[in-house]
Structure formats: structure tokens, C-alpha cells
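Just so it is clear, A, B, C and D label the chains in written order, and each chain counts residues from 1 on its own.
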Amino acid sequence: MRSSIRALFAFFVAAFFAFGSLPAIAASGDATVGAVFDISGAAGSYGDGQKNGLQLGEDYVNKNGRVHLSFDIEDAATQKAQAVNLFQTFTTGGKVVAIVGPTLSSEAFATDPIAVSAGMPVLGISNTANGVTALGPCVFRNSLTEAAVVPHALKAVIDRYHVNTAAIIYGNDDAFTKTDYDVAKAALDADHIKIVSTQTFSKGDVDFQAQLTSIKAANPDLLFVGALAVEAGHIVADAHTLGIKSHVVGGNGLNSPQVYSLSGGAADGVVVGAAWAIGAQNPGNIDFVEKYRVRFLKDPDQFAAQAFAAAQIMENVLTAAKSLTPKDVCDSMKSMKPVNTVLGAFSFTSNRDASGDGVVLVVKNGRFIGF
Amino acid sequence: MLAQQLVNGLFIGSVYALFALGYTLIFGVLDILNLAHASIFMLGAFTTLVLVLKGVPLLLAILGGALAGGLLGVLLDRVAFWPLRRRQAGPLAPLISSIAVGMIYVGTANGIFGPDVRHFPFDVVRTPTYTIGPVTFTLAQLTIFIASLALMAGLQLLLRRTRLGAAIRAVAENPRAAQLVGIDLESVYAQTFFIASALGAVAGILFALTFNAVSSVMGSAVELKGLAVIVLGGMGSIPGSLLGGLLIGLSEDLSVAYLSSGYRDAIVFAILFLMLIIRPTGLLGKRGLRTA
Amino acid sequence: MIALAGVTKDYGGVHAVKDLSLELPDQTVLGLIGPNGAGKTTVLNLMTGLATPTSGTIALDERRIDHLKPHAIAALGIARTYQTSRLFPQMSALENVVVGMHLHADDSLLGQLTGWPPTLARAQRLRTQARELLGELGLSERADALARNLAPGEQRRVEIARAIAMQPRALLLDEPAAGLNPVETDRLRAEILKLARERNISVLLIEHDMSFVMAACERIAVLNFGEKIAEGTPDQVRADPRVIEAYLGVEGVA
Amino acid sequence: MHALTAFYSAHSALINQIGVNALLALSIWVTLACGQLSLGNMGFMAITAYASVLLVLRAHWPFFPAVLAGTGLAAIAGLLLGWPVLRLRGVFLAIATIGFGEIVRIFAVNLSVTGGAEGIAGIPQLASTPIIYSSLALAVFLLWRLTRSRAGRAFAAIAQDEVAAAGLGIDPAAYKLAAFAIGAAIAGYAGALSAFSSFFISPTDYSFGRVVDMLASAVVGGIGSVGGPVLGSILLTLLPETLRFLQNYRDVINGLILLFVIVFLPQGLWSLVDRRRAS
């Protein structure tokens, strides 16, 4: 017994020393790009879509044949410490030329400085917090921030309907949804809409009746939901149950099939400002959505689309790069020409953020369509 | 609005109470804080979901989920607590081993079902909404409220009126004395785990049906709340867990309505903390299970 | 030295001890006997702060101690043993005795933290003293055994050694002979009397074993249903009709 | 030599995490050594981390004074928490202290000075590996000496039988409060080291799961000696990294190993190192 325990222990010690070689050598091809996603843990459902999208993107790029690309996708398990370790392994392993990820902005603030000091370019695909790309000269993102999409969605609804008052419900323990609140409040204040109720919730909540009952009592014309997909689905369902008639508006977090799959018909009429539309009629997107459905038996969400776009961006960046070193890849990203992606024609701003205003969508019969 | 908030609080509180019932039963009988209870809550919901998706009628699927939960509870006892009981380990080891089994259960669900949130087909869970005066609720909520009360009453009857109940109470009072009068301790422990875990699973199933969401991390929503409930009501007390559950549910809703939603959970924990300082035995916990 | 005056202790309306006055003078061995449930252990708990009297006073040299915490009472020089062993089970016999020296231990924290040699020497001296004390009780061989692995008779003696290590003025013993065979009982009695005499310790002895008490004590008090029904020399108590009745009433049945 | 520096540069973050986690496990161990299951240590981490980071970033204090001030604050918080919960035992104490930890986290979410959920980014990397490991070495040494001292004997006595300890003149309340304050200070100090070695802090870093990790590390390593929690931290910090290939099943293996140690090694992993304790 005792010796077997020691053997076990020795195994783990050995495994630890062995995993210095973690980044797998690209099976075929010229360039490996690391990817750090939260495939398990609290943010697992977002990282899962990202993994799927990136895998699909890898196949797509390699089929095009302009560059041979392989993604080394690793799971950070929604643990900041693990994301940090993966970034360090990638930046020092000498095998990857860039890193895609991490899933959460709160991870990015801890991981991206590591890449910055190693001169490794980072492409965030779901980091929406303010200041992420300011972390360093090679930190990029292809995700439109809430600041870019939410004001448009609010404006569209205010222009179309009669809106004098609004209420906000948002997750106050999450950087993304807290940003939602800041952005929405600023936009509503600018339009002189009176905010009659502000409610918060916590990550993982499923019961929103208390907050929504308070909101219902304030009877707002518009209800802004600062939430990620799962919580948003519950909020929309609860609001429907309680008979709240306000126009519901949300940001990127609501651009997910879960919003209608978790709330049934209740989601009809929800207006979403987002970076990507599942029904966008560009050929690349139609092809992507179809392939995704075939391979993963469900609709892609925005996380998956932005991951796929990351593959399309890397294809162009690597093709144009002078050499496949982190430094040249970074330079190539800085000088990247607009690329056709599933997100539409994509380019970086001078601040390395995604350019564009996004789209305003509305749920109708359980589908997102243009508002 | 007050009326609606009170109703909201009672609904969610009854689910907390049902979840806490298993916690409190196991604590009353074995003096163990079973932190794997939340994972059984989750696996019960998944089992029912899988059965429903396979076409099993809802009621049967709920029974199946409860059965699976009960068996998982017995398994939990065998692998995590029984070996420690045999060597009379201190109170710390079972706490850790229950965390370990919780990780295994959650990890298994994560492995099989992935991290996505799953839901029941809408034709299964869609229920009519009623509005009575200022109060709106769904049939599902009402059913869950009544089912929770009924299950608690049933457990109370079982403890008071049956041979098994008498044996459980005797073991809770004094295991050694119970053994002397011919009670098979291990069998009582196993049955206690079955009942407690089946109740935990039912709580998970009802929770999943009300909010129509099943995920591997759903247990974390009730894990700490359940602790608050049993402390407030009194460790080991069945009526206490009902009272505690309803009070926690109400205090959540009322703190959202009249104080601040941002501090909702802080208020719950502050109540918990004060209760422990002022009256560690809880509201009804003076004699615990012994007077159940 | 220790005086109880009119001490009553109620537990939910039941008198565990009723209007008890009792004195433990310096350098005396006083026995406290009585049938099961007479309140003997409650008296010990009251004297050591584990329980507070409902009414009445307990004083040590005129100073009231009945509302002090147990550790403060111990610090004034009252040591005790327990009916069932309360040794620290994971410590060796020796370590148990060293803990008993807590109040007099002179190894400073700073010295220990820095490993300052004179402090370490002092700590070593404590261990030597503890070993000697165990030797006096015939436990040299068992000094390094874990307390939970000791035989019941050994545990009893380690507990007494631990109490003596406090250098107390009074030692309260709760049924030290329970569960021992006659040979062990005789030996224990001799050891207790010797230690007490050498160190000027007063002893309050609660005991069931009548012959043990009669042989060991100078004076004996008898409790029944929480009340003192007799007090005097062993011969006086033995002849007291109320004592005979109390004992026959209970033990005659058994 | 080159291989060693290459290894370090690839894994310095992980190496730092092991050091910090070992300190955290020791912080839980201190109160356990005095018989108290206190699970509020993520709250103390948060208090020191926020206080010292804000002192450095906003008040421009130097690193060590800021960390020490934050550590002192955690120790005071430990005393303030320890006082009312003195009479609680076992799981009741555990639950009360969990409540404290959660309340601290919720305040961190709601206050503006902490940056709320968005946290505080751009924290300078002032806690280097040598600082972390010399802190750990010092803590292990001092705690090891403590167990040999009069106070350490009192801790052990209270842990094993509080009534008997009091009967020997040991003041349980005073020693328990001291254990609380020491545990809080170590947890807080480790929280500061963690903050100053990871660029960013936010309230999520101080959730319930964190203290579960600390407790598991201490118990898996073995609470019979000061070496145990350190050993447990090494194992439990490495496990998720080495088991990543298992993907979604990772937690299953994690849990199985934890269960295995608890069931078959009652004295923890340390009993494999220190054979005398194994018997």
C-alpha cells in the first residue's frame, strides 16, 4: 500500500517536470497558436463555444491552404491561476507565435502582462472590459466592447418606441456585466431617460423574481439587462412570468441561443446590441453556421463566432507576416488590412480594438433577426 | 409589491428548506456536515432530465431522479464516511472526504454533460400563470411549494411513526445505546443517507423544473444558502429547516425590495452570523432530531 | 483554605447541590463520599469553575473564586483530575505532564522562536522534571507512550502527575480508584498520600471505594441528594445512622 | 544550469502560486492546531490584498510597509472576528467564519474603492519568488518553533481537550484569539504576496472555493506537523496542471486523489515523509 502511494506521488512529481513541454508540437504545418479558454468551471459554457469555433476555424484555414495553422487549445477551468500558468508556458515554450484568449477579462488583466513582457501577441476574442488592449502594444481583441454595441441598441429602441423611463438589472460581481451597467447608464443619461430602478444580481443566480418584482413596481418603459446568456435567459423568463411589459434590451451577453432556449417564447421582442448576427447573410457566415450545426448539433453563439473569426484573422496575419516569430506576427497584426470574417469586414482600430458598431438584433419566434 | 415579494420569498425558501432537510438529517444522525449534498442535488436533476429526454413521463422521471439521488447518497456514505467511521476519525476528515466526493460527482456530470446549461423541453415544464390580486405565480411554483411542505411533513411522520424513524432517532440520540438495544447502526446510517440524499435530489429536480435549467455547477447556488438555513433553523431540526428556509427566502427577497440587491447575500450571511453568536442552537434546534 | 458556604446549584429546578458548606483546610486529606448522583462531581465542578453556583460562595483564602473562569482558578493553585480520563490523547505521557507545568514554564516565546540556547536548556529542564515526576509514580517506562495507548490505571496516574506538575495547593481527585484492582488501589493511595505530604498539598478525594476513603482521609463528608448529611472522622461517619441509611437505600438494592 | 533557469522562466508563476498556497494552508493550519476550524481566511486575504495594493497604488507607499500595514489590519480583523465566535465549536465555527469571508467578498464587490467586480489591474510585480519563498521558510521555521514552545503546547492541549487545558491554568480564550490573529495575519500576508505577483485582483479571487483549497491542502498534507500543509499545497497546486489532459473529467481524478489520501493516509501525506508519525 505504502509503496504504491509513493509511486503515485512520484508520478505526479515526474509529471510536473515533464509538462514543461506542454505546448504540443504542431501535428502538421508551420505555425502554432496557443489558445487559453475556460472550457470547464463557471465560465465553461462560454469557453466550450470558443473551443468549438476555433477548432472549426482551424479546419477552415488549413483547407484554404494559404498557411498551415494549428491551435493548441488548453483549458484554464475558470481559474485565473491556471490561465496565468498557461500563458507563461506558451510564452516561454518557444513553440507558439501568438495566443488567443483568455475567456474572461478578469483573467486577461492577469495573463496579458505576461505575454506583453515576452513580446508575444495576444488576440482576445471575448475580453470586453475597458483597458484590456491598453495592457501592451501587442494586445488585440476582435470582440466589440459593450461600449461599442449597447448605446446603438438603446438608441434604436428609444427612437422607435415611446421611452421615458428605464430600469437596469445587472450582475455586479462580474466585470463584463458591471461594464454593461456603466455603459447603459451613461447612454440613458445622455438621452435624458429617467432610471427608475437599478437592481443587481450575482453570477450563477437563477431566481430573479425579487429584483424583477421591484422593477415591475417602478413600471419602466425600458428594461436594460446587463447579463451573460444564462442569467439573461432566466431574467427574460421571470420578467415574462411577472407580466413585465417593458422593452427588454441587452448587449453582447444576450446574443446567444440560450436566451431563447432557456426562456421559451418569453424572449420574443428582446433587443440585443451585439458584434455578430447568426443570420448575417455573408457567405462566410452562412457556411460557418451550417458547418457548426452539423459538427456540434447546436447553433453557434457569439463566442464561437468570434473564435472562428480569430482563426480567419490569424490566417491573414500569418500569411502577411515577414516570419513566423511573435514579433513579426505582432507587426503583421498592427498593419493588418480589413479581413472578411464571419463578423463581417473586420479591422483593428489604432488602439487594437475591434472597429465597427456591431448590429442590433431582435428575437422573433426564437431566432435573432435584424431589428 | 410587498405581497408579491413575500410570495417569491416563500417559493424560493421552500426549495432551500427541502435542500437543507438532507443536510440537517445527516448532521442530526451522524454529526457530519456533508458538503457533497449539493452535488447530489445536481445529479438528481440531471437524472430526471435524461429520463424526460428519453420519453419517460415526468412523474416517473422525478421518482427515478430521487432514487438515483438516494443511491448516490448511499454510495457517498460507503466511500467517504464509512471508512472514517471505522477508524473513528475526527470531524475534519469527513468534511474533506465529502468535498472530495462532491468534486467527483460534479466532475462526472461535467464530463458527461459538458459545461452547458441544459433545459427541459418546454412542453414538459410550461405551466399556466395565475394572478390573484397583486400576486403572480406559476403552477410550477405552487406545486413545488406544496410538494416541499408535503415531503417535510412526510419525513416528520416517518421519523415519528415508523420503526425506522424510531431507530433513526435512537441513533441520533446515542449510537452506542442504540446498538445495545439491537439496532443495526450501519443499516440505519445507510437508510438515513438514502432518505436525505433522495430529498436533496428532489430539491434539485424541483429547482431545475422551476427555473428550467440544469448544469453541473447548479449546486453552488444552494450550497452556502443551505448552511445558512440549517444554522438559522437549528442543526438537526426538521421543522427548523422549514422555518430557516422560509426565513432565508423571505430575507433575500425583502432585502432586495427594501434594502439593496447588491448586499442581498451579505444580509443573509449577517443574519447567519448573528444567529450563531446569539443562539448557536438555532431557532428550533435545542434538542434537534431527538424531539423531531 | 478553600471554603464553600451555603452553596446551591440548580439544574432546571433540580437541586444538584443544596446549601452545602464545606471546608478544605491546609494540609488535609478530606474525603467526599455519597451514593451515585449525590452531587459529588458537581461540587468539584463548582470548585474548579466548570459550573457557577446558583447561590452561596466559594472562597480561596477569603478570596471569592466562584465566578472565576476555570483557568483563573487553576492559576490560583487548585488542580483536579476527572472521573474519566481527560489526558491529551495525542500527546505522550511526558508531554501531558509538561503541559501541566504551563503556569510555571519559563521557556520564553521569543527564546523558543529564535532557538535561543538558554531557553532551549530551560525547556529541556522542564522535560527532565516531568520525567522525574513520572518516575515517582512508577511510570518511567511509559513516559514516551501516547496517552491514548496507556492502560486505564496508567492513565489515572499520568493524570495525577499532570495535576501535581501544576504545583497546586489543593488537589481535587474525582474517583481516582475507579476501575482499579485492589493492589493498584493500595499502591495509588500510598502514592497520593506521599506526594501530598511531601509537597504540602491538600487533597479533596471523591470516592466510591469506602475502604480507600477510610484509609486515606483524615476527615470525611457525606453527600446525599446534594445535601451534606454528615461530616467527621472516618469512625464517626462510619457509625452515623443517616449515612448507613443513605448507602443501604441505594446500594442495598444493587 | 541553463535547464534550471529555463524551467524557472517557464513556471515561475506556478512556483510562486505553490509558495503562496503553502502560506495559505499554514494559515488554516494554525487555527486547526488550536482546535478551531476557521474558514474565513479568504476574507483576511482580501483585506490585506486590497489594503496593501491601494496603499502602493494610491498612497504610493513602498512595498513592505504597505504589506505589513495590510497584514496588521488582517490580524486586527482576526481578533475582531475571533472574539464573538470564541464559544462556537466545530462546524458552527466553520459556518460563522465562512459567513464572514463571504461578507468581506460582497463588500469588495459593492465598494468603489476596491474597483468592484472590475477589480484592480496593473498591480506591480513586487512579490518575487525569493520574497515569497523566504517568507514561506520564515513562516515554517517560526511555526515549527512555536509548536515547541509553551504557547504551542497550550495550542495542542486546547485542541485535544479544552476543559482539561483550562484546568491546568491555560486560558483557552486568549490562545484561541492568538491563533485567530496569527492565522489571519498569515492569510493576509499571503493574499498580499498573491496580489503583488499576479497583476490583477478582483473579488472572485476571494470566494468560498479558495478556502476549501486551503483546507484540503492542509488536511491532505497532514495537520500533525507544520510540514504537512506545505506538502499538501505542492500536490494540490500541481494536480490541476498535470491533469489538464483529462479535460472535463479533471475534477473526478482530483477528487479521487483527495478521497484516497483522506481514507488511506489519516495523518496525511506527511506521514510518508515522517515515518514515526505513520504508525
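What we mean here is this: contacts are C-beta pairs under 8 Å (C-beta built on N, C-alpha and C of every residue); 3 or more make two chains touch, one makes a residue touch a chain.
Here the structure is a predicted model, which means the values were calculated and not measured.
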Neighbouring chains common to chain B and chain D, by label: A
Minimum number of chain-to-chain touching steps separating chain A from chain C: 2
Per Cα centroids, the chain farthest from chain B: C
Rounded Å distance between chain B and chain C, as computed from the means of their C-alpha atoms: 48
Approximate Å spacing (C-alpha centroids) for the pair chain A, chain B: 35
Geometric centre distance via CA averages, chain D-chain C, whole Å: 41
Whole-Å separation of chain centres (CA-atom averages), chain A against chain D: 33
Touching two or more other chains - residue numbers and ranges from chain A: 39-40, 172
Numbers and ranges of chain C residues touching at least 2 other chains: none
Residues of chain D touching at least two other chains: 109-110, 247-248, 250-251
All touching chain pairs, where touch follows the definition stated at the start: A-B, A-D, B-D, C-D
Residues of chain D touching chain C in the complex: 142, 145-146, 148-154, 156-157, 160-161, 163-172
Chain B-facing residues of chain D, complex: 32, 37, 84-85, 87-88, 90-92, 94-96, 98-100, 102-103, 106-107, 109-110, 208, 212, 215-216, 219-220, 223, 247-256, 258-259, 262-263, 266
Footprint of chain D on chain A - complex, ascending: 1-2, 5-6, 8-9, 12, 15-17, 19-20, 22, 39-40, 74-75, 77, 79-82, 84-85, 88-89, 92-93, 106, 109-110, 113-114, 129-131, 135, 171-175, 177-179
Parts of chain B lying in touch with chain D, wherever the complex brings them together: 27, 33, 79-80, 83-84, 87, 89, 91-93, 95-97, 99-108, 110-111, 114-115, 223-224, 227-228, 231, 235, 260, 262-263, 265-266, 269-270, 272-273, 276-277, 280
Residue ranges of chain D touching chain A (in the complex, touch as defined): 6-7, 9-14, 17, 109-110, 116-119, 121-122, 198-200, 202-205, 235, 238-242, 244, 247-248, 250-251, 257, 264-265, 269, 272, 278
